[in-house]
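Have a look at this one before I ask anything.
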């Protein structure tokens, strides 16, 4: 390295306008997608080639890249809008009409995008490492699953047969308890903002929350007992028109669980938090596996309803979808809208007082608090917001699968979502969506495709058949991407700035001595400036 | 301190450290723009300059924490550019870094022991620990306190004592007086002078407290925005109008 | 030439791939066998294997891919009931018939889906069969039941418990456990309770470890299980401890089927591994599918049949020439007369102990 | 149920928990050491540990026909497992973590997960080529593994404590001894030796450690070597204890062990041991809760079966951390402001 | 000053009253029974040898540590037991001896975080972009602009805080603290690492904080030139206890202070005027 000139900042030359390329790409990939999922074409001479699972996976991936390019490339706004909207609203459903697996895949991708966006708030923005995120997903799924399936009538039947001492008075008492305790909690909360908490006040608060819980249980129980007579009428669960109400309820339920889990544990730092959330995630799964009456335990709940939207169905029918595809198409559109809303919420929160507070906490908890940011409250908001996204997606997942069992909510899911966030670029919204897309595509299309395509190839020994080496391939991809792009596929701008040094120092740190200056995050210390890593040590997930 | 100058043993003219046209970067930031300087054996050399001038960067480059992109750097006649810090330190150099950088979870004593990592003789380590306690009695009082819970000034004392554990030939001091009470600032300068006079220790001193630094130093370099603006005998520099205006707070 | 495909859906990677691969391989052999016959009718027959990783969500995704490939007329699979339930639901709308060589859970067919069939007995037959074996052969008076907390194991254990209780046998516990490695506390409890039979509703890899540790700690009590134990691995895992074990299974041991000899040899030759029960049943299930397709094609004037035609041909047809006997299904897809095989393992040797013919309640 | 039957029962349960706890403790140390220097949850440690178990399996398998002393075989198994697991761990660090030294700390966490997935399949393929999936340990006779037709025939050799009703086998005793020795050695190395201090210094501030003449990369490698070697030991011990495992078996015990490390206070060696033992015992106690439930006639307690045992451990973890946020023996890192 | 940040202090005589506070760490009494009052709109200093307990004293006032004993009142309101963020809301802001800026944020954003406690818009406002949201964002941005101007860092507005030169980072910390619209601001060694020239600028800045913003300033410093020329009142701590207090010249000439803290320089009259370098 003799360059006297420092590596010039790779000052991006103004990107060339790629409108034409974009539109061209869109047209080609759409045509490919439609062709490769069209029976007539498939039955034709090209069919053999197009059917190749690997090729198919590639076509799907390329097609989805449309949306990415529409976002990334410099092109005329109309073209970007056309490609983005066209891909998602027009071409994809059309191809999905022929091949529902595309819809299933897209829904799955969008579900994971939403989960990743939610986890991104918790991990990427607020810096809280949560390894039990899937718990909230489960809460949402079961909230809808229990009510929109035969489970409901089983529960009611049970209470009908075992009313205990429950009657209308219980209901009244339960409600009374709820109102009183909730009111007193709110009052105490107000107070505590003004005056210093004492031991007495925190005990009182604990007592009140306990009372609230008891009240809720009593109320629900009483309702169940009193409603037992309805059991027969609800044999397949509540009316699917309740879907919309439950969309809100699942958000709330997950957020409440988020707060309940968060309250005791958010004082913990970094990896202590990680392991405890992991544990609580497992607790929720084990509970789901054991509370047979409510969750049907390991047997799982099925069939679960979806929404009934007559006008949508007739629209879908008009568009040539068959009846059994209505609900998938509906869920696809719904999930698209919901992800859009979530994205909007994310962006808006990020650029708000709360978003700044999250990042401040992530950067330096002590300083953040000393600047007037209430730690627990701010973290709780992050936790609950992330949880609520997971909750609503859980519900959509339940409706899509029509079957849920605790198996779907294990630790691997949490880790998977985390890897989506990091892979895509922590803190970057388009990044985590891309991360979710890549990982889901890999898991549901590309890797299985590899397996299917190679299954009948005689010369590959069974032991090293790619189909059986999915973990290995996935692992290799994960490691490779992270080594090549530690900041993620579509990094956050903030992150890029932060990593700026390292990237450029790489060249002169061949021996690793200069690079070592930035311990951990690549910040370099200044005189008397707290080495940021020191907080990281005890926590501060970054 | 009128006596300070007379205390000095006459330094030799053997080069201990030499930088020629050294360029160092933080990413794109060009922090050192071609620095040349020498430190002779037995000398105290002061390096002064405003915030962000590149003093710390110079020390970091010398001690191997950073690699110069261009230029030569020799220490005791051997190339030292781009050699990792732990190797250079093994050759009898010691660095009191900016910001003290105490090991927060090690006790005061353990910090000192780690400071003497390259010393293999246990008795010698113990002897030097006691010596450090002699310089800074507060450290002895707090022998088993965790480094991280010490006050700012206490940490500074610990950082200096830690650097002395290897009885270095060349000592790099980055703002040793920062955060110290006036009493201790004087003590520190006394120690610097003493080390130099009694042990012949060569010292490269970065200081904001330029008045005192120039008092104890033989020679001095003045830095500004990554370049050396002025160099010469410390006493001459101390008289220089522009220096007095820019760094010594004279109106 | 029209291409006709059938698919397999079973775990090909992960911890249960041993059994899942057997199913795929068995089906492969059947397809090879029928290729010529299809050729004559002008069809290219091929098999596409799909991997469900024993995971419901992965299975559903694969099922939808199957649904999308219109050349696929039917599916052999799955291994796990937990996967079968959502996958069949995903396939029912497109009328892709499924024939399972392994799913025993009641709910698999109890939902009354038009496409879901199985050529094995149900847990409400397997459970009682196990229970009856405990009562009549082992003369158990007090039984300690364990289950693995999966849809399969817990469901089966519940059936066993129900039967035992109804016949007045004491059930010391029906304990769920996800433990895979250290069973010391469960063993301590067993020692405390001193049951004369232990029933474990679970899969061989877990039960094997349990058996080994149980035997090591000196408990010789007979252990009974279900088709989850149907793997040669159990003897490998439990080693010398693999003795005094009994299990009911729904897939016949190859040795017990005289007709299976040729298949066993072919299997060994093709895949360089011994065939096991699920290999045989994978083969049989594929044959059911293939015969169903042929029948549908014939009914369709020797043209490629539609899925819906295949679906009903399978449900309504009767199939012969199978290794495990003739097959026909009742209205919900249960095999009208299935056999449950009771196997014993003594000193690491597997032996067929008895067979029980069972019929689903619905005919 | 009377005390005379209940007491040995409880003793057995607790002893079982302790033995398992020792294995957790050693695995936990592998996590804690690496976490200490890099603040990285080394997800790949569970596979490093399984690698040790596989090596142990192979050694015992290959040496099975050999008439040499059983303890010698064990020694060979332990040493080779230490070597291979330690080497593997160093290699992993070199390839997957070192290039990411300056990246945000969750990035190496993800590569760790990736490495873990890779290793699982690699191990599976290696054994798979020999037609094996589940690996069953063939232990030397000296370890007293004996299958007994009846309880009474088990009394005596190899199960010497059984006479007094305690279910402790020779291999369990071996396990405890090996564990205690490794823990003592490790504790000495980390707290008393120059190497140990250097490692701790690197853990806290790599750059400054360099200024003390410490080669931080070397120390990090040393840490991974020690951590990996501990993983190797724990793998062999685990294999002996459980008897059978496969390439995917590392995840669960790895997770529990990491929990143990957190419970004890991450970074603390005695903490990891305490945490391991505690989690071992708690799991077992939760597992037998139903017996106590039956005893006191509580219907709710009686329904708590073994499937709650891991959850029980987590609940205890939550409770402890709420009151002691840095784990039982963790230094409360009151950061000086 | 413009509206968002200026505040006319209530003219009670003491803005802060600290009574008999003690802080014990394990066996170590870091602060021992210290009583101190800070008059409104004054500039006062706390000095003392290293480890005397000055920073600990600040930490107690700002709620980072809870005193083992004693009371702290801001304009009559008890502060002990409040969380640090509640203390900020009550009107005390601070800087740190070790600079603690938010490293991934620009200068502007750093200051906007400082404004956090004074903004009223919440979650719903942010999501729905209500009027309140826009108003509070505008307010935060304006506060940042004003504060950057005030400390003279406007040119760094969009620069990452970590990339600023050291002296500017200290100023940014001050600006961030001032953005909370405090009644009282505590500065912990603001001049550390600055040369005499830069210290002069800082002195002017501190004066303006009091004069233009009407904020009471309490600072810890070892730079006696700064302390003696700036403070209206000085409290001296040693080994946790108050050993002296008074006007600068009183403290400077207190023999106990000289012995414990100032050293021979004080006698030579070095502080307060320029020192003559030895040629």
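The chains carry the letters A, B, C, D and E, assigned in the order they are written, with residues numbered from 1 in each.
As a working rule, a contact is a pair of C-beta atoms (placed from the backbone, for glycine too) under 8 Å apart; a residue touches a chain by one contact, two chains touch by 3 or more.
Protein names from UniProt, one per chain: A, D = Branched-chain amino acid ABC transporter permease; B, E = ABC transporter ATP-binding protein.
Nothing here was measured: the structure is a model prediction, and the numbers come from that model.
S.K.: Between subunit C and subunit D, which partner chains are common?
M.R.: Chains that touch both subunit C and subunit D, as defined above, are A.
S.K.: Determine, using the mean of C-alpha atoms as each chain's centre, which chain is farthest from subunit E.
M.R.: C
S.K.: Please identify the chain with the largest separation between its CA centroid and the CA centroid of subunit B.
M.R.: Most distant chain from subunit B: C.
S.K.: Which chain would you call central, comparing Cα centres to the global Cα centre?
M.R.: Checking distances from each chain centre to the full centroid gives A.
S.K.: Measuring from the mean C-alpha position of subunit A to the mean C-alpha position of subunit D, what distance in angstrom results?
M.R.: 32
S.K.: Can you check how far apart subunit B and subunit C are, centre to centre, with Cα atoms defining each centre and the answer in Å?
M.R.: 77
S.K.: Approximately how many whole Å separate the CA-defined centres of subunit B and subunit D?
M.R.: Each chain reduced to its C-alpha mean, subunit B and subunit D end up 46 Å apart.
S.K.: Give, as an integer number of Å, the spacing between the C-alpha centres of subunit E and subunit D.
M.R.: Measuring from centre to centre gives 50 Å for this pair.
S.K.: What are the residues of subunit C that contact at least two other chains?
M.R.: Residues 149, 176 of subunit C each touch two or more of the other chains.
S.K.: What are the residue numbers in subunit B that touch two or more other chains?
M.R.: 64-65, 84-85, 99, 101, 104, 148-150, 152, 175, 178-179
S.K.: Could you say which residues in subunit A touch two or more other chains, in rising order?
M.R.: 289-290, 366, 370, 462, 468-469, 471, 495, 505, 512-513, 516-517, 521, 524, 526-529, 531, 534
S.K.: Quick one: in the complex, what on subunit A touches subunit D?
M.R.: 123, 129, 264-265, 267-272, 274-276, 278-280, 282-283, 286-287, 289-290, 366, 370, 411, 415, 418-419, 422-423, 426, 461-464, 468-469, 471-472, 474-479, 482-483, 486-487, 495, 499, 502, 505, 512-513, 515-522, 531, 533-538, 541-542
S.K.: Of all residues in subunit D, which touch subunit A in the complex?
M.R.: Of all residues in subunit D, those touching subunit A are 35, 39, 41, 96, 98-111, 113-122, 125, 128-129, 204-207, 210, 216-217, 255, 258-259, 262, 266, 307-308, 310-311, 313-315, 317-318, 321-322, 325-327, 333, 335, 337.
S.K.: Touching subunit D in the complex: which residues of subunit C?
M.R.: Touch list, subunit C to subunit D: 14-15, 18, 149, 173, 175-182, 184-189, 191-192, 205, 208-209, 212-213, 215-220, 233, 236-241, 243, 273.
S.K.: Subunit B touches which residues of subunit E in the complex?
M.R.: Those in contact with subunit B are residues 25, 28, 47-52, 54-55, 97-98, 163, 165-168, 189, 192-200, 222, 224-225, 260-266, 271, 274-275, 277-279.
S.K.: Touching subunit B in the complex: which residues of subunit D?
M.R.: Residues in contact with subunit B: 194, 197-198, 200-201, 203-205, 207-216, 331, 333-336.
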